[in-house]
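In the two assemblies presented below, subunit A is common to both, partnered first by subunit B and then by subunit C.
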Partner chain A sequence: MRESIIMKIHYGTALGAVALVAVHILMRLSQNFSDSLSYKNVLVNYHLLPYALMLEVILVLLSVHGFNGLRVILLELKQGRSYERAINYGSIAAMAVLIAYGSRTILMAGMGVS
Partner chain B sequence: MATVEVPKEEKDAHAASAPQQSEPKTITLRIARINPSEQHEPKFEEFKIPVQKWTTVLEAILFVKQNLDHSVAVRYSCRQASCGSCGMKINGKPRLACYTKISELDSPVITVEPMNNFPIIRDLAVDFKQMFATHKRMKPFVINEESEVKPGTKEFVQKPEDLEKFLQFSYCIKCGLCNSACPTMSTDKSFIGPQGLAQAYRYTADNRDKGKNERLKIVDESHGIWRCHFAGSCSYVCPKGVDPAMAIQLLRGYLLGFGK
Partner chain C sequence: MAERLSNREGIKGMANPTRYGMLRVAYWLQRLSGLGLLAYLIGHIYETSTILNGKAAWDNMLSLTETPGGHIVLVIVIGMCVFHTGNGIRVMISEGGKGIGRPGQPEYPYKAVSLSSKQRLCIWVSIALAALAMMYGAGVLFGN
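Up next, the complex of A and B:
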């Protein structure tokens, strides 16, 4: 994939994440802040389908943005064909693992499995 | 023959207003001495140099070569900031030695070192091979099949506003100071660098040029234009007033779908 396409995704995910994380933080203000973080209320978030979907989107956006950022840092740190290949594929694999693990958490909490 | 006696007081006044020959000041010039085939770290040698207010750093180094130690390695040519040969780190900042007066540094000790981010040949001379290769890779010429002027045709007409888009970037003398100041280049040896990217923009922005897509493809690689963090130090050190940091942002605009 061309670097400009990757960077467009990078900037797009950053903007999307800022917007959705802002919504996520503002939701804490819908009630007393400490109450909103209580175990019961957190679970309620997962049971609400639109909110669970938003959390899933935040997870994807932050994973893509974060691991691409890490990839860029590591590419600037050291160069070499095999090293760069390892970093590129390693970042995609780590991103996929984190999204899978996070999605599993959202799904299980949504289904009431804790 | 009649003579006119100048009154004594007037004579004294004339003497006081006459331009006085300034006494040469002495500064300490610290020169980094390194031969990469024998050592990894440079050692500094100090020389006491008499300087006038117009003495440049290059003149001070040449004074050392002529009078104190002829083995100091330095590259220079035009002595008027046109050839881009005498780039070096002067008191920590990349500058042209021929374009930097000792008086403007305002320091009794002047330290000269080879530029960062370039392989050192010896002492103050660095290897420009990679920079020139990168410059060449950017296709630094107008790409246009119809550039040949034939009978019945005329040369391309360019309006002042068309020229304005790239003129400052054509002042680049390839001295390498921007690459030396670039923080990305210090860690990413494969990075194209501000010099190459500014030249890619210079020709891409030229309305006579048809090689935009070719150049954008070259700079749009993993060690290309996206690795610039916009520190702006390239523009800060350029002795010719070129703004490579701006060229990089404008070139990014093309890749993101803005611009021409």
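Up next, the complex of A and C:
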């Protein structure tokens, strides 16, 4: 994929994440911060389908943005064919692992497996 | 040849925050805050996964994070998040060619038009917004 397209994805994921993370934080501030983190309250969040879907979208946007940012930093430090390939595939793998791990929490908590 | 080699500073030359003024400082802050936020994201995803192990595990995790130390980390995360967002929007707009001036003849003292007061102002506004958000966050977290 061309770097110009990757950077457009980078900026798009950033703007999307800013909007959705703002909603996520406002949900915490809609009541007393400590109360919003109580076990019962957090489970209620996961059981609410639109909110769980929003968490999933935030997870994907931030993972893509975060690991692409790390990839850019690492490629700025050093160049070379095998190094660049390792960084590119390593970033995609790390991104996939984080999304899978986070999705597991959202899915299982949403289905009541806890 | 010797002179050419002496000018090759590599990463140190690129990374030197005392060169190129405020924009290089913003470049560093953007990268450091990005790395910090990625570390927080990974930690946050791990932290929230403990809810699958039941109420005791969740409360145990909260007893680690809902402490003055945990709140200080959160306040720093809020600051990094707001600066990264503000400065990131500046970078996006600049990359679109806005606010970086028009290229002209290089004339002494070779002042780059891209290092304009608008760019500097945007960086300072990002820092100020981050400071305000940190103060508000500290009020919410420590006010409980």
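Keep this in mind: the second predicted complex is superposed on the first by the 114 of 114 C-alpha atoms of A that agree within 3 Å, B and C clash if a C-alpha of one lies under 4 Å from a C-alpha of the other, contacts with A are read in each partner's own complex, and residues count from 1 in each chain.
Simple rule for what comes next: contacts are C-beta pairs under 8 Å (C-beta built on N, C-alpha and C of every residue); 3 or more make two chains touch, one makes a residue touch a chain.
Bear in mind that the values here come from a model prediction, so they are computed numbers and not experimental data.
*Asks:* Touch test for A:K8: subunit B only (first), subunit C only (second), both, or neither?
*Replies:* Touch partner of A:K8: subunit B, not subunit C.
*Asks:* Is A:V18 touching anything from subunit B or subunit C once the two structures are fitted on A? First, second, both or neither.
*Replies:* A:V18 contacts subunit C only, not subunit B.
*Asks:* Which partner chains sit in contact with A:L98 here, subunit B, subunit C, both or neither? Use first/second/both/neither.
*Replies:* Only subunit C; A:L98 stays clear of subunit B.
*Asks:* With both structures fitted on chain A, tell me whether subunit B or subunit C touches more of subunit A's residues.
*Replies:* Of subunit B and subunit C, more residues of subunit A lie in contact with C.
*Asks:* Would you sort A:L77 into first (subunit B), second (subunit C), both or neither based on which partner it touches?
*Replies:* A:L77 sits against subunit B and subunit C alike.
*Asks:* Is A:M108 contacted by the first partner subunit B, the second partner subunit C, both or neither?
*Replies:* second
*Asks:* Tell me the contact category for A:E56 with respect to subunit B and subunit C: first, second, both or neither.
*Replies:* neither
*Asks:* Looking at A:N32, would you say it contacts subunit B, subunit C, both, or neither? Reply first, second, both or neither.
*Replies:* Second partner only, subunit C.
*Asks:* Determine where on subunit A the residues touched by subunit B overlap those touched by subunit C, and list them.
*Replies:* Looking at subunit A, the two contact sets intersect at 7, 76-77.
*Asks:* Please output the residues of subunit B touching subunit A within their complex, sorted ascending.
*Replies:* Where subunit B meets subunit A, its residues are 184, 187-191, 220-227, 255-256.
*Asks:* Can you name the residues of subunit A that touch subunit B in the complex?
*Replies:* Where subunit A meets subunit B, its residues are 2-4, 6-8, 72, 75-77, 79, 84.
*Asks:* Which of the residues in subunit A end up touching subunit C in this complex?
*Replies:* Touching subunit C: residues 7, 11, 14, 18, 21, 29, 32-34, 37, 39, 42-43, 46, 59, 62-63, 66-67, 69-70, 73, 76-77, 98, 101-102, 104-105, 108-109, 113-114 of subunit A.
*Asks:* Once bound in the complex, which stretches of subunit C touch subunit A?
*Replies:* Residue list for subunit C touching subunit A: 11, 14, 31, 34-35, 37-38, 41-42, 45-46, 48-49, 51-55, 58-59, 62, 66, 81, 85, 88, 92, 95, 140-141, 144.
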